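Chain naming follows the written order as A, B, C and D, and within any one chain the residues start at number 1.
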Amino acid sequence: MDIIVCIKRVPQTAEAEVKIDSTGKDIEKDRLTFDMNESDTYALEEAALMKEKFGGEITVISLGDEDAEETLRIALAKGADNAIRIKAEDFDELDAFQTSQILKSVIKDLSYDIIFTGCISTDDAYSQIGLTLAELLEIPHAALVIDFDANEDRADVQRELEGGLIEHLDVALPALFTIQTGINEPRYASLIAIRRAAKKEIQVIGKDELAQSEFISNSTLEKLYVPPISKQVEILDGTAAESSAKLAGIIKDKGLL
Amino acid sequence: MSGIYILIEHRQDEIRDISYELLAYGRKLAEDNNTKVTAVILGFNTEKIVEKIESQAHKIIVFDNEVFKEFNAETYQIALADLIRKDNPFLFLIGHSAFGMDLCPALATQLNLPFTTDCLAIEIADSNLRVVRHMFDGKLAAKVLLRENSSYMLTLRAGSFSAAESSLKAEIIKLDSPVSEVPDYRKFLEYIEAVAGDVDITKSDIVVGIGRGIKEQDNLAMIEEFAASIGGVVACSRPIVDADWLPKDRQVGSSGKVIKPKLYIAIGISGAFQHVAGMKGAETIVAINKDANAPIFHEADYGIVDDLFKVIPVLKEKIAEL
Amino acid sequence: MNKTGVFVCHCGKNISATVNIEKVVEEIGKNKNVISCKDYKYMCSEPGQNLITDTIKSDKLERVVVACCTPSLHEETFRKAAETTGMNRYFLEIANIREQCSWVHSDMNKATPKAISIINSVLEKINLNNSLDAIKVPVTQKALVIGGGIAGIQAALDIANSGYKVTLVEKNPSIGGHMAQLSETFPTLDCSQCILTPKMVDAGKHENIELLTYSEVENVSGTIGNFKVKIRRKAAYVDHDKCTGCGDCTEKCPTKVLSEFDEGLGKRKAIYSPFPQAVPNKPVLDSDNCLYFRFDGKCGICQKTCLLDAIDFTQQDSFVEDEFGAIVLATGYNTYPKENFREYGAGKYEDVISGLQFERMVSASGPTEGEILRPSDGKIPKRIAFLSCIGSRDPEHHMPYCSKICCMYNAKHAHLYKHQVPDGEAIVFNIDVRTAGKDYEEFFTRVKDHENVLYIRGKPARVIKEKDKLVVWSYNTLTGRKFKIVCDMVVLATAIIPTMEAVELSSKLRIQTNENGFFSEIHPKLRPVESMVPGFMLAGCCHSPKDIPDTVAQASAAATKVLQMFSQPELSLDPQIAIVDEDVCSGCKMCIPVCPYEARVFNERKGVVEVKEALCVGCGSCVTICPSGATQQKNLQDTQIANMMEALLG
Amino acid sequence: MAKKIINEDINDEIREVLIEEGAEDIYKCYQCGKCTSICPWFQVDMYNFPVYRFSLETSMGMVASSEDKDELAAEIDKIYRCVGCDACVTQCPHGIDTPSILRAARRLLVDFGSYPETLKSTAQKIKNVGNPLGEPAEKRADWAIDLNVPKFQEGMDHLYFPCCLPAYDSRIQNVAKATAKILQQYDISFGILGEKERCCGEAIRKVGAEKVFTEVCKTNIKEFSGSGVKNVLVSSPHCFTTFKNEYPEFGADFETLHITQFLSKLIDEGTIKPSKEFNKKVVYHDPCTLGRKNGVYEEPRNCLKCIPGLELLEVEEFNRNLSVCCGAGSGGLWMEWEKNERIADVRLKQLIDTGADIIAVACPYCLQMFEETLKSMNLEIQVLDVTEILYESL
């Protein structure tokens, strides 16, 4: 069973101070750490589990600059057999839709039974690439998968809905699935795998090598700004009864219950 | 402008909150832009659902067919593609939910519509459509301009808009389903409910966290009661798990679970950074602690500096009074 | 211009693997003095030596250089061979191209030119060598043995039995050493005292042996064949000529101190004989603890008790001076102080004892009369932990070497304990068990299999006292399990170290030791019992940790080396010593104090310094300090050195 | 799939890489296991940590090498158990530096993101905002606001570098405050760098995040030399050891003293003479990094002994070089191990059993570790820094 996993190298902003750079359209990245997008790590692990079950090869693809090879190499150490980088430096700014089209132009020529992507990237948070890609490749899809199993030509899939409800599906392969975090326990890379990965070749594909050279953009990011919310604790004083009453009021007003 | 279409999300005969929010926002947009709101319902035996939103839209388009009995992105996609091609609405709005996320990008792509996801606001000016959305773990907002087109598709974030009453009387149009059979390549099998009794603190919108400030195991009952009264679940910091008062899966923190509820009430938790790492993503954080210097107050939106044993019983009453 | 031959040895592959012999022969052949240059696989073998002698004869060589290993190994071999042709032995020199070249390099391209320049420099030296004759000195046919343990006793008896006089010096009041302290000996378990005491008596009574107990060597001068030795006889405050060893004084003495012989487990009196079988069995008085000395003449009970009037509080240290032809060093060992092991509570908890203390405990003559009892409460320990390698094999903190005997005595101790306390548990904590020795592995196997002794692999890290028990913290590295083993007693197999006396002697007598303080031998395999200073032989644990069989064997071997010397009336000494050009010497006398061998005297009449040939060893100190250049070393004159340097650097 | 339980060969490549990263001691091991029974984990009944295996396994290239996911996770968990207290290093007959062997493996793992998430996040925070708590840099000097502590300027005698915990943690800020107040009381010329200060990086280097360490190290050195800092006083032994022993290889040129060393000197000189009685039984806990690693045993005790009324207790058997780690070193502060798997519990019990009223520490990590652990114990005993006690008595 051959599996393709699309991964993205993203800045780790959860614990960081995020500052807008001088273009106003991007963030200052020099002090940030970068790593594989969180849900992509689960997607990769799901692929590794499927490979353990069925054999076959895992190919990871990332559209990114040279640094993305570091992330691809991590993927190679954690179960992938092949890695492809599509050179982001060959393109101007890309939106999610264009990215999907570029990925499609490479993936369409590859052999695969399953494509896994993360369900969302933590940087721009669109949740678009997976489904767009599935549509472009004209294969079925399911988003937000939290449980996955497969046999030769069908997948048994559970999607996470709101409120603890789960949707149980049966999907024909080949298909694309966007993977939710928590579906599995992503593995560590062993030192043997790390050394093996360090020596593997990463296939690099430039714009010229793509079958297509024009990709329609859906949207343009005009500017970034700090949303006008700041966290400052509001101490509710008074007697226990007074403070409780204030709190109850706030909870009600904000519709938190 | 050829109208604002809103896809109604429903499950097990209940309309999801997001749909009411979208309808309210859609009506406002329609008013501003001098157009109409059309709700689109796909389902089977949809009378009750239609009834519920009759007053919320100018028009309701219904595909009532057994194939739409359960949500299936692939079946929905076929029907909606057909509808949108015919009607070519200016805006097609879907909730940014498990439902919308599983549908919108594929549908829009099929139709070659400019689309974007997880929007918090929409600005329509001249012939341009701009949206506001969050990026980088919600730390920044972005203004995004969509490719100019006569028709757009967007998913909108739940909770960004308030639902509102309305007194419209929708024109109801029942259309025949362009699909008669659920395609073999994606089949709905069942809904699975989370196992009753099992508390998954990551799934709850309201979490009451307790720390060593509760002092004795016997006091746990009082907290459980309080949490139940507000529809929340009880989670805790490390010392409580250490003391075996609660199981490990209730622990919030770097070694426990990371939770992002709407409301987190930290009771008797000092706020060691290991704990904070697990709950800082909560939308609203309330801290109740008698130590005014407890670091938890750095994380909280609202704080009560008082003895928790005094506050909790009263708070329970006050909330019940609402 | 001397007709010189050069012989290059391959030393199997030792040299030829790194040095291009062919190239060396070719290059050396170009030297103006060299008329023949040959190579051979093993020059030291008979055909190799024949090659040299035949060439000397056929080519009428006047000088020979052998390029091979270090001169300390085969210089003598080749010089002897050269002498057979009638050549003066000092016309043959060694160029060391093994230790100084092939062994320390790996790059043939660098080693080969280096070998060539080494040989060239020796060619420069030998060109100016003179013919020399050995210096003959008479030998004093009397031996000194320092140390009266089993090694010293055996060496003294072997020499004495061959008809030569021996003086045996022992620092303690009795001979016998550590062996007298032991209980049974591995692997045969015969009683230590039973095999030792007859030898002690023999030594004490031997007509050729002069026993100087309670004595220490103060000073040694002279050289091989003729040492002058000053020995301090410590004041015993007992006139041993009068004393009969009746023991009354000891019995009456009111002062009790910890007994050194019992390793602090028992007590002795201030006037005492260390143990009943002591030789000589006459008491000494320990003035540090004696009430008479400590409180200004109070007490004196011993004096009052002694009917023979042998107690003499006025006695002073006295000195004996004598001459000896050879000296046997048998200064023995100490055990490394257990107090160095805070992690094991040693020195803090009474029930953590050393291996030697355990020996005293199981010895029938010991403080408990052979009963194994806990020092803290006198109870029979139901479980004993024996900890191996305590201070041994610990280069980071203690001693890098293996103390060799501990594995065996641990097994012995476990065996003795199990025999005494059959329901007790003996646990030996070890890193690995080393039992190389005749019948040793068999003994170890027997102890394990038949006595059910538990061997746990793993070095404990802590011994912690909990209530009246000792808890040993250890990790079994074979099962991968943690253990906190509760014991009644812990026995530490502390490392064997050289004695303080050996350390003092080595600096006083300039006898080389290794980095751990054990005396060094000339050659570890071929001359293992001779010290690097001529005339000093080595016996027993002062050379390295040893068991009794090895010690006795080495003692006899040392005695043989002494006897070999004594069997000839004269010794031939190396004539490559200093000479003084009396015409140049200004008589400044700077050389006199720098000579470590007192070999230089000022001739008042001539106003110049002269060399005492029998004492000079050719160390060269005088040569380097002489401001006028009057002092030169024979066959290593300044001009020779300058020429060698030029050949090496030019 | 069946697990393969045989290693078909020795992996010399991994061995060589690890040696390059600092595991050069591996061949010295003779498998005696003393390291394992001196390791603080030995005293944690519920956890088995065979320290001695790392040398041999590294020399066979078998560290973190399992092809089985769960087994590998367990192996990596083991690699991150080491708290770097150096108990094994100081007791090993061959002086094998096992923490460095583990750090070599950690360095490779960190580069491939194969290390515990909590440490990953700590590393990120240090890189992003310069402290492991993720607090903003501009709040770094907030502890000093009420004290009028000046910013360091050229010409001042000392830079006081409080460490991230005393700078941000509301409890531990008191250590920085007490220190500053003592220094002010005796007119010591000193200043702080405030928001220009970044974490010293000691712990994150031990975690294996060498790149993050190098970055903060270089930034600090640049800041120090730019400000003309010649002498640094630190509250944390971790800052102390890394400034003193590790920064010089990156070009640092300043002297560092732990605050107890500095105060002890003032006490010996007679400058500081505590007058107020402090009638408490105080047990001193030797921090590994101050004691075993840097041999500073007596100065902190000196700071306590001079206080009238104070009765100084020792943990018998476990003091000075035989002290037991609090568990916070080498990233341990951010790891949260299961109950019954915590070194801090073991050490606290030893400290409590002395009958002391107060546990005196000289390290913010120990303070944090003990405070956190004590909170769930419901005991009267208090944990204070030596400087806090000393300040009380002035």
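Methods note: a contact is a pair of C-beta atoms (placed from the backbone, for glycine too) under 8 Å apart; a residue touches a chain by one contact, two chains touch by 3 or more.
Note that this is a predicted model, so its numbers are computed, not measured.
Among the chains, the centre nearest to the mean of all shown protein C-alpha atoms is found for D.
By count of C-beta pairs in contact, A-B exceeds the other of the chain pairs A-B and A-D.
Annotation: 75 Å between the Cα-based centres of chain A and chain C. Between the Cα centres of chain A and chain B there is a gap of 21 Å. Spacing of chain A relative to chain D, judged by their CA centroids, is 37 angstrom.
One finds 44 Å separating the Cα centroids of chain B and chain D. In chain A, 14 are the positions where the chain touches two or more neighbouring chains simultaneously. For chain B, the set of residues that touch two or more other chains is empty. Among the residues of chain D, those in touch with two or more other chains are 121, 134. Here, these are the chain pairs in contact: A-B, A-D, B-D, C-D. Chain D meets chain C in the complex at residues 30-38, 42, 48, 50, 52, 91-95, 317, 322.
Interface of chain D with chain B (complex): residues 117-118, 121, 133-134, 169-171, 334-337, 339, 372, 375-376, 378. By the touch rule above, chain B contacts chain D in their complex via residues 212, 215, 238-239, 241-244, 253-256, 270, 272-274, 277, 293-295. Residues 12, 14-17, 31-33, 35-36, 52-53, 73-74, 77-78, 185, 187-195, 197 of chain A touch chain D in their complex. Note for the complex: chain A touches chain B at residues 11, 13-14, 18, 20, 27, 97, 100, 119, 122-132, 134-136, 140-144, 158-172, 175, 182, 216-227, 231, 233-237, 240-241, 243-245, 247-248, 250-252, 254-257.
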